[in-house]
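Here come two complexes built around chain A, the first alongside chain B, the second alongside chain C.
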Partner chain A sequence: MEGVCGKPPIRPNPADASQPARGAAIRLRRYLPPVASLAAILAPLWLLEGFHLFQLTVAVIMALAVLGLNIVTGYSGQISLGHGAFFAIGAYVTAALMSHAGWSFWATLPPSAALCGIVGYGVGLPALRLGGLYLALVTFSLAVAVPQLLKHRSLEAWTGGVQGLFLSKPEPPPWLPLDPDQHMYLLAVLVAGCCFWLTSNLVCSRIGLALMAIRDHPVAAEASGMDIAALKTRAFAVSAMITGVAGALSAVTIEYVAPDSFGLPLSITLFVGMVVGGVASVLGPVFGGLFVLFVPSIAESISRATPGVVYGVILIVFLVGMPDGIAGLIRRAAQRIGWSAEDRTT
Partner chain B sequence: MPLLEARNVVMRFGGVTAVAGVSFDVEAGQICGLIGPNGAGKTTLFNVVSGIYRPSGGEVRFAGQTITRMPRHRMATLGIGRTFQNLALFRSMTVRGNVIAGAHSGGRSGFLANALSLPSARAEGAAAAERTGELLSLLSLAPLADMRVADLPFGVQKRVEMARALACRPKLLLLDEPAGGLNHAEVDELAELLEQVRAGFDVTILLVEHHMGLVMRVSDKVVALNFGRKIADGPPDEVRASPEVLRAYLGDGQCAEAVHAA
Partner chain C sequence: MDAFLLQLAAGVATGGIYASVALAIVMIYRATHHVNFAQGEMATLSTFVALTLIQAGLPYWVAFAATLAVSFVMGTLVERLIMRPVQHAPVLTQVGVYIGMLLIIGNLTGWVFGYTTKVFPSPFEGHGPALGGLISAHQLGSVGVTLAVLLLVYLFFTQTSLGLAMRGAAYNPASAKMVGIRVGRMLALGWGLAAMIGAVAGMMVAPIVFLDPNMMLGVLLYAFAGALLGGIDNPAGAVAGGFLVGVLENLAGPYLVGTELKLTVALAIIIGVLVLRPSGLFGRIVHARV
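And now, the complex of A and B:
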């Protein structure tokens, strides 16, 4: 929808056509951001190698997981401290199908997303009655429960119990001159790119507006014809699906799933990524993903003894300096120099 | 057939009967004012009509259809729009976003269609955006379209709320104290706006209002309540002259001049 998503239409003014310089400026404005982003996304394929490319792949995956959380918490205003659970379910469905049933990675994505969607819908139902802090506690308990369930004896045949499951990265097709790490990065970027595109369509549509309307004023939203129960539960399901797909990607990237890597810290990490990147923003999760992956290791390189303290300080500096996240800072900077903001706000 | 019919509406809260069996009709195209002293039950009755409360007894019919037990979000789809006494805007959104959100009931597309940006979803979005554009220019909000509503003055926010209510193409518009908090000049503008809206949108209006001057000026019909009962119902002049109404507002002493002065 034109104008809703902070994309003021750039219309070439007929008077400008006679001035080639202005016309060029308009073209630059329109094409530079997408071309630059595409270059920034693809450049690491050749610039980075081995472990660094692997790290960046994980950052992309975290960004995708944060995007999922942002739909339910940022846009729809339902606090979830348990999105690590959906990440875990997505990872385990993919890992189990690949290592037990020999499925290909692509084939595991639909069942993985579907199961996360169903569980997300189920969590969304109590969320209708429980607001704010109470919902935070319910989702918190989900984050605590899932790793324990994954270790449970009755599921051990599928989950591998405490040991977890090993699997291997999908092989790059022979016609693609890429090594497995490069291939994995490309794959993660492709899947994440699709999810970001779908989400950005969704949040700019009547559905996204309705989610924000319900968050801002439920009574007025209902009077405007919005079915709160249907919208909130579906938002939860979609959000869980996206975070689940991120989990599936992480399983094949790390080539290993274990219950304890999906505990409470993961849920909190996703939450931090969402807030630092920018709440209710599509661009924000990209920065959130980079932050939660790289800042802890930066903190460790500053102080080997107390990385947690350094991380905490960096976090506080970010939150004080950018109260509406990194995406908010970029948005304001873009407005100042008069370019159309790349990020979408309503 | 009247567009809106309230039949014997009763609303009790515990032991308190706020509305004790009120019936009235609003004909299509009318502006109907609902008045009464503080505590008369106007707002309660209004909330029953708009579906916020489920009445303890009686029913409300809209275009012949009973709406008292209908899910609240269906009211907009039927063609009932409303504004709120103390602004209820979507504060984090822009003026345009608020009005487009008001057009929600005009769309059908769901999560999947919108995520994939299917042509059907895009067409709905474009229609809502176009409708919004028209409403914004009609209510002189166009220059403010991309401002956040929270940053705007109160009087402007009230206009945004009106635009949002009109975005669902209502047949009936319910206005809860539209003049509340407005200054003299703004009340005059509001009266003109109401006339303009009725003429331009083919809409019936029911308003609850304290501002007697406004009610008497714009209404075709006035319903007066006191202590949860209807005490008068008719053209403004008639209601203003009704002894029951005078007594309700001014006590037993007859001070008609004071009412006229108000």
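And now, the complex of A and C:
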């Protein structure tokens, strides 16, 4: 049996210091995964360069965006089909502040996240009081409407209208012997790492447990005194913030924002990434991010339409056949070979 | 004043199309309690089928009828092959499957028929403007066709025993099964009918907006707004809502926000309805026993 949020269930401890061989095995088991993952995260800095490192940076960013979606859809069970809109807001706030007001990248992160949180709260408030279907409808419409809003005349001074905005990557500090691509990758990993850490803490906290309770049994949760609408709306705001931060990162990585890259297809991409990576899993979005970056470019080599068709088929196959996604597959495999679950959450 | 009347007439004409799609959405909603996000894509595919048949030399109305038949088969197949297996799955799975269908059908349409914008013929062309220049022949004709479809659907559900059986199956599947209604078959029939209604809407809107694989996305959004405005579980309400949204859209364009924000109007209507009157104008408030 798995304990809640990775805390092992109480059972007699067979491994004591009196058995040094087993103690070493346990130490290996405890320290190997984090060390190995740190190495896997940092290795591309030196192993990859140029375009490949850029692609991996984008994958990290997509993973972060999918993580945001996973908070609202995976953990609190509300379906959002419009997280691309928050990605767009985050990207545009950062791009506008950097190119018009000359802010540094780091300074633009708080306003980006804040605006996404506010918009998320505002959109979620009317929809989340009602059943799950309404949020799906509202967010779907939001995703369709956002490119049009970004192109609108009244915002053109800030958004650059149809042309979009150009900006440039933050320069690496002089004491760091990295080129701008490597620096950007490190930056993305750093920001994403912080968000993943915060999210895994959030979902294992009192609030995370409450969200899961609401998802699994709303009536029982409400009877235990949880304010369902308030919790769901706040979860939606947090998730919008995280996806917005991902959007901000993407703006500086790609060095360009344009309204038509933030339409419904982006929102659907995030949704597919979430399902394929693993719903309600903190590790899942990592696989989701890698998937949405690399699978379409492979499929695109066949025909312009194939990525969409492949996405659709894979989405249905995963939902029906493997609803816990790649993360679930790995979790089960890890359990089978006797390693404790690496994913800390349920 | 003339300009106002012109916009009003145009609003009624497009409103009819929104009303049809809203009706298709509500029909599936009543049977499954889900919104078919792929409704627009299915209608676009039907319209491409119609265009292919017309280009093959069939007269318009023959192609129209054949398209309806093809759409009906497509709708029932979608229900049997894709939706039936996930009937009892969690909400996320069902919504995800709709999104998957949207991706598959939309991209296959583009793959097979190409992404270039195409001109779709109207059967009412060549009659010149009608009602003293207020409305084009196609607009008047499409209002007529839409109203005929709505009337037929109404008569079907109220006057035939099959219609009654379908209503029963959607309203209370368990009891319907007990009195001998084949609930699964009714569901497939409902999907087929919804696909047919969507196809009519697609063929009526294509001469106005031109045919391309993304043609129905905006229409679908307005249909959502119409369905919510009228009450998502009320077919007559959805039709009224569709017409209302069409008129609102056409009046808001020139008088309020300009044409670039048309889709945002749909979003604003949806959010406005959810804030002010979540059950819609004609919907019932659902109470659930826990």
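Some points to look at:
One rule holds for everything that comes next: the second predicted complex is superposed on the first by the 307 of 346 C-alpha atoms of A that agree within 3 Å, B and C clash if a C-alpha of one lies under 4 Å from a C-alpha of the other, contacts with A are read in each partner's own complex, and residues count from 1 in each chain.
Basically, contacts are C-beta pairs under 8 Å (C-beta built on N, C-alpha and C of every residue); 3 or more make two chains touch, one makes a residue touch a chain.
Since the structure is predicted, the reported quantities are computational estimates derived from the model, not experimental observations.
Within the superposed three-chain model, A:A145 lies in touch with chain C and out of touch with chain B [touch as defined at top].
In the superposition on chain A, contact is made by A:S224 with chain B only, not with chain C.
When the two structures are aligned on the shared chain, A:T73 is found in touch with chain C, with no touch to chain B. In the superposition on chain A, A:L202 makes contact with chain B only, while chain C stays out of contact range.
Judged by the touch definition given at the top, the superposed model places A:G132 against chain C, while chain B stays out of reach.
In the superposition on chain A, A:A213 contacts chain B only, with no contact to chain C. In the superposition on chain A, A:V123 contacts chain C only, with no contact to chain B. After overlaying the two complexes on the shared chain, residue contacts for A:L319 are found with chain C alone; chain B is out of touch. For chain A, the partner that touches more of its residues is C, with chain B and chain C as the two candidates.
Taken together, the two structures place residues 219 of chain A in contact with chain B in one case and with chain C in the other.
Those residues of chain A that touch chain B in the complex are listed here as 1-4, 8, 198-199, 201-202, 205-210, 212-213, 215-217, 219-228, 234, 238, 280, 346. Chain A makes touch with chain C in their complex at residues 73, 77, 79, 81, 123, 126-127, 129-130, 132-134, 136-138, 140-142, 144-145, 148-149, 151-153, 219, 264, 268, 271-272, 275, 279, 303-309, 311-313, 315-316, 319-320, 323.
Of all the residues in chain C, the ones that touch chain A in their complex are 33-35, 37, 82, 85-86, 89-93, 95-97, 99-104, 106-108, 110-111, 115, 217-218, 221, 224-225, 228, 258, 260-264, 266-267, 270-271, 274-275, 278, 290.
Chain B makes touch with chain A in their complex at residues 50, 52, 71-77, 81-82, 84, 88-94, 96-97, 100-105, 107, 109-111, 114-117, 121, 124-126, 128-129, 145-146, 164, 167-168.
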